[in-house]
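Two complexes come next, and they have one chain in common, chain A, joined by chain B in the first and chain C in the second.
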Partner chain A sequence: MISNILFDMILYSTPIILCVIGGNFAYKANVLNIALEGMMLSGAFVSMFIVYFTGNIPLAVAGALVSGLLLGLLFSFLGITCKGNVIVIGLGINMMVSGIAAFVLRLMNSSNIYVKTINVSIFKVNIPLIENIPFIGKIISGHTVITYLSFFLIFVVWLLMYRTKLGIYVRTVGEDEDAAKSVGINTDFYKYMAVLIGALFSALAGVNLAMENLMLFTNNMTAGRGFIAIAAIYCGQGRPVTSSLFAIIFGLAWALSVDLSTYAGSASGLFNVVPYVLMTVVLAVVSIYRYKNNKMRGYKFE
Partner chain B sequence: MNIVETVRLTKKFGDFVANNAISISVQSQEIRCIVGENGAGKTTLMNMLYGLLKPTSGEIFVKGKKVVFHSPADAISGGLGMVHQHFKLVPSLTIYENVLLGNEIVKSRFLINKKKEIESVRELIEKYKFDLDPLAKIEDLSIGERQRVEILKMLCRNVDILIFDEPTAVLTPQEVDKFIDSLKELRSNGKTIIVITHKLREVMELADHITVIRHGKVIGTVGKAETTETELAQMMVGRKVTLDVANHHKKIGDQKEIYRVNNLSVMNSYGRKVLRDISFSVKKGEIVGIAGVEGNGQSELIDSLTGLMGVKQGQIFLEDQEVTNFWPDQCRRNKIGIIPEDRFSQGLCATMTVADNSIAGYHRNQSIRHWSLLDYRKINALRDNYIEQYDIRVGNRNGEVGQLSGGNAQKLIIARELENKPVLLIACQPTRGVDIGSIEYIHTKIVHYRDSGNGVLLISSELSEIMALSDRILVMYKGKIVGCVNPEETSQEQIGLLMAGIYDEQGG
Partner chain C sequence: MTGRKIPLSIINSLMPVILALLIGGIIITMIGQNPFTTYQVLFQQSLFTPQGLAYTLHGAAPLILTGLAIAITFKANIFNMGVEGQFVLGGFVAGIVALYCKSLPGPLAQFICLVAGIIGGMLFALVPALLKKYFRVNEMVVTLMLNYAMATVLEFLTTGIFRDNGSGYVTTPMIPKSVMFPRFGDTHITFFFVIVMLVFIIMYIVMKKSVLGYEMTAIGKNPGFAEATGMRVGNKIVTLMLISGALAGLGGAGYMLSDQYSYTLNFSANPGMGWDGMLVSLLGGHNPLGVLVAAVFYSALKNGSQDINIFTGVPQEIIAVIQSLLVLFLSVKFISENTHVFDRIRSFFRKKSSVKEE
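Presenting the complex of A and B:
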């Protein structure tokens, strides 16, 4: 039972972690990207759409990533080049993706896209030796390729953020745009990069969610994971490792809600709220902790 | 040889001509000061030189060659660097990261070579004897240290010409001396230096030549030896000015205390004590000045006295009534007038009209109401009254406050606060960024208000202002009051020492 929950924790953390480490860049560049949700949904939809018609998995992954990048470009163009309101644009993208998906499903005369011919077990990786370790083996082994990739990417993103020009410039742009401009850094370019990294990672999260785990797409299956990722980014203040830890906490909540509801009988629906309630509570606690010494009255001390 | 030369450089913003056919030539290895009032066009000129603004017409020559800079990066590679008034540093990054920002040393084409970066910055620091730790974060540095980082940033890019925009505005008198020394050091190392400033005293100390700009035009260029402070001031303003306020410092005997602060201590959001045991009083008919380098607790003191920040320890009394932790609105109702530090973020609402702003904070006054609704006939009459009485120059009476120049906006705040007849005025940086004419006016108003038997608490980072107006000066250092001096018996240097935290324990 416990090993089941912990296994699921890793399973459900994966898409959130991907969104978090991708979204961190936009957060650090001071562009609030709330379109993570839509970008993830588009990754999920496009990958399943391509698999359904071609059966070609690499093509599906590539298509999903391209769709994410296109949305990222759209978001950046409207929000950065045209200086639109990023919240409105983000909301618009989220609604647009879900609308397009609904429309296509309607044309296909179906409520979902499901591919029976490919078994999801082909994505599972059993790690030799480790899978034989009692308890731990059951938790760590047997996940999908993207899951392992996502944990590895936490490290890559850390390196990218703190040890490369890209990372330093993105952080500089977010903290003091004038400082960046005064030494000739093209600020818009780094904002674009920050958003596009987030878009790419979110699309990958969508692939993991729909194709890799279920071979199934239903509309709005992302169920707010993109927003939970934003909460995790905020809690971790854009630090890749800390934010990922928060992502894992939310993954645990998700695992609990799913696993416990199987034992709950008629009240099972109630457990679905666990991740959302936890998100609200964690956000409140982090906020209280951060501002506990704030003596400024009437407005937040920045 | 002229290392920098501008020929009939002009910049227009719409119909407004910010720079009108400016021709300046700066010789190699000189220190050139460019002086002028706020809004005279100094910064516009420098921004054109530095590639931040595109000239409407005219040409720039650097080292004899015609140049067109499209960005600061262009200017830097052309050998021209600028140290801005507001430092362009990233607080959460370290010194070496900031110095090499945009110029990183990389290994294997991708990763940053941290070791080599630290090493090269350390060498640079030692070469110019700047006394900094390359690994320290900017947010932990003092203002003077930050300025040195900013200079390093330019030096590591091998510039020959350094432009400084109001470099001494944020320094203590001692830091200013050190800064002037470093400029001379840089000059003897072959650099050419251009300093924009309006502080004439420093100009006389450091310049080789001085160019005066007024209303976007060059009024003249003079050698230091051939001019005086007063002459420069006249060139800047275009008429005779008195640099010293006609203030007869008052001997304060045993007049009644109207304001008293007892053992005030305040912690900031990071849990650090920013005010320690502050006690002082203001008597009737007295101006008490608080001097100190910015960032030594003055802002927090103002915030706690005016109700923007909660106070845990200590008490504040106004004429026997306790006013500790009163909200700004309660302070104003209890006859404390407040001139806030930042006029457009705390004193006025830029997008509202002049009329709305002339009642801001005093909405509850019955005199502007008709039944309990705001009566705009009365409010507009009040506004017109302020405008006439305080000589506030507005383009359009019904327009937004944002259209006003700094000086006129400040006059509106002063009109509003003084006309509500407070018994104590808390004036913070009352003349920051205000033209000389308005400074004279505001100073006279404050002195006049004091003479009619009220108390003033004056907080300013301009030491000369504090010296000229105050009857008693308190000096703050690291959140404490480290000295209380009489301006008539003390020199600027002595106060400077106190501001730098060097004081005689017994005397202080």
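Presenting the complex of A and C:
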């Protein structure tokens, strides 16, 4: 039972972690990217679309990543080059992906994309030695490739953010754009990079969600995970490791709501609320803690 | 100055419409249909026949309210993304309250239902507003999340406690005809439309002529300055969020009593009246009069989408695509003090011609 919940925690954390570590860059660059949700959905949709018609899994992953990058470029072009309102653009992209998916599904005369011929078990990795450890083996082993990759990527992103020129410049641009400009940093370029990294990771999260775990796409299957990721980023103030920890907490909430709902009988539908409400509470607690000693008046608008 | 500003903002709203319809047309061509006949069907029925126009105005009523709900907060740079949740909650509450008002006279029952919807919307908006005021929690993230929570809770209530067991699909019991707004003649327009117009006039005065409207704009432009001049920004945020929630709740309740008869899981359709309201508000430049025009235009689009589904081979889902394109293009101000798109193009050509001269 407990090992089941913890196993699911890792399962449900994965897409959120990927969105979080990708979205961190945009947050640090002061470009609020709420299109993570749509980019994730496009990754899910494009990967399943390609698998459905070609059966070629590497091509599907590549296609999903390209679709994410294209959305990232669209977002950056409108938001950074044309100086549009990034929140509106983000919502626009979310609506567009869901709209296009609905349109294509309608043309295919189907309510979902499901591939029977490929069994999802081919993506599962059983780690040889760890697999046999009694309790931990059950939790850690048997996840998908992208799941392991995502936990590894937390470390990579940390390196990228704090130990490379790209990361430092992105953070500089976010902190004070004029200062960054005055020392000759191409601020637009680093903002573009920040958004594109987020887009790439979100698309990967979509692949994990739809193709790796279910081999199934239904519209709006991301169910607000992108927004949960943004909440996690806010809670962790854009620090990769801290934000990822919050992402795991939300993964746990999701696992609890799914696993416990099977025991709840008629009230099971209500358990789906848990992740969203928990997130609101965590966000409030973190904010209270952060502004506890703040004596400044006024409100900063993001 | 003002004489120049008005056409500018109209161009800013028209350009995205043209661009979005253009790209929508390309997509329609790609699936092997004729875009011109599609657009003709789209607008002819919904705008140029009396019956269709009445139906369009009827559909515009809730959109005007959600549009105003978004406009009043966006203008102050507060992002109340919970309009969708407030709308469905308002509708649900009104739908349930209406069941207990059977024996009351119609107008009184309708009044009670509308008030219940307004209270529902306000309560839902109060949560992010208070979190913002006291703990500075980002209201946008909270409202986006609570929309999902609200959808789940209402789904639970509809499939469980309030389900109409006599019906073949998931829905709450039908509202008795006596509580629904009666229609004017054989059109779809009901008394709800009159209420919406009254609310619109009130909101126009609030946003354009009142102190609150001025403060709203000031907060939107520079919250630090507004605070420094002595405005209580926190309280104003709560007030604006409450008004926004009330408008959305009223929209939901009115939509329920004038159109829907019962709460189904597809009450607000996809992508939802709240999101439509955001589009309407953007299209109208967060300006009350603009919202009115945009709501009618967008209602015509939605209304016509059913016609293209029937009379052409284009699936009506194309409207969602066009809508999202509209939002994307509307996010960018094509001509404004900041971007100077036209100036840039002009200077680009000037450079070229000057090179030639040399």
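The definition used in the following text is that the second predicted complex is superposed on the first by the 296 of 302 C-alpha atoms of A that agree within 3 Å, B and C clash if a C-alpha of one lies under 4 Å from a C-alpha of the other, contacts with A are read in each partner's own complex, and residues count from 1 in each chain.
Here is the rule we use: a contact is a pair of C-beta atoms (placed from the backbone, for glycine too) under 8 Å apart; a residue touches a chain by one contact, two chains touch by 3 or more.
This structure is a prediction, so every number in the text was calculated from the model and none was measured.
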item: Touched partner set for A:178, first chain B, second chain C, both or neither; value: first
item: Touching partner for A:223 - first (chain B), second (chain C), both, neither; value: second
item: First (chain B), second (chain C), both or neither touched by A:129; value: neither
item: Per-residue touch tally on chain A - higher for chain B or for chain C; value: C
item: Chain B versus chain C as contact partner of A:84, first or second or both or neither; value: second
item: First, second, both or neither for A:159, with chain B first and chain C second; value: first
item: Partner chain in contact with A:168 - chain B first, chain C second, else both or neither; value: first
item: Touching partner for A:276 - first (chain B), second (chain C), both, neither; value: second
item: First (chain B), second (chain C), both or neither touched by A:98; value: second
item: Set intersection of chain A contacts, chain C complex versus chain B complex; value: 291, 297-298, 301
item: Parts of chain B lying in touch with chain A, wherever the complex brings them together; value: 71-74, 76, 82, 84, 86, 88-93, 97, 101-104, 106, 110-112, 114, 153, 266-271, 303, 307-310, 312, 327
item: For the chain C and chain A complex, residues of the former touching the latter; value: 27, 31, 77, 79, 81, 127, 131-132, 135-138, 140-142, 144-149, 152-153, 155-156, 159-160, 223-224, 227-228, 233-234, 237, 270-271, 275, 278, 282, 315, 317-318, 320-321, 323-325, 327-328, 330-333, 338-339, 341
item: Complex contact set, residues of chain A against chain C; value: 34, 74, 78-79, 82-89, 91-93, 95-96, 98-100, 102-103, 106-107, 223-224, 227-228, 230-231, 234, 266-267, 269-270, 272-273, 276-277, 279-280, 283-284, 287-288, 291, 297-302
item: Contacting residues of chain A [partner chain B, same complex]; value: 159, 163-165, 168, 171-172, 175-176, 178-185, 291, 293-298, 301
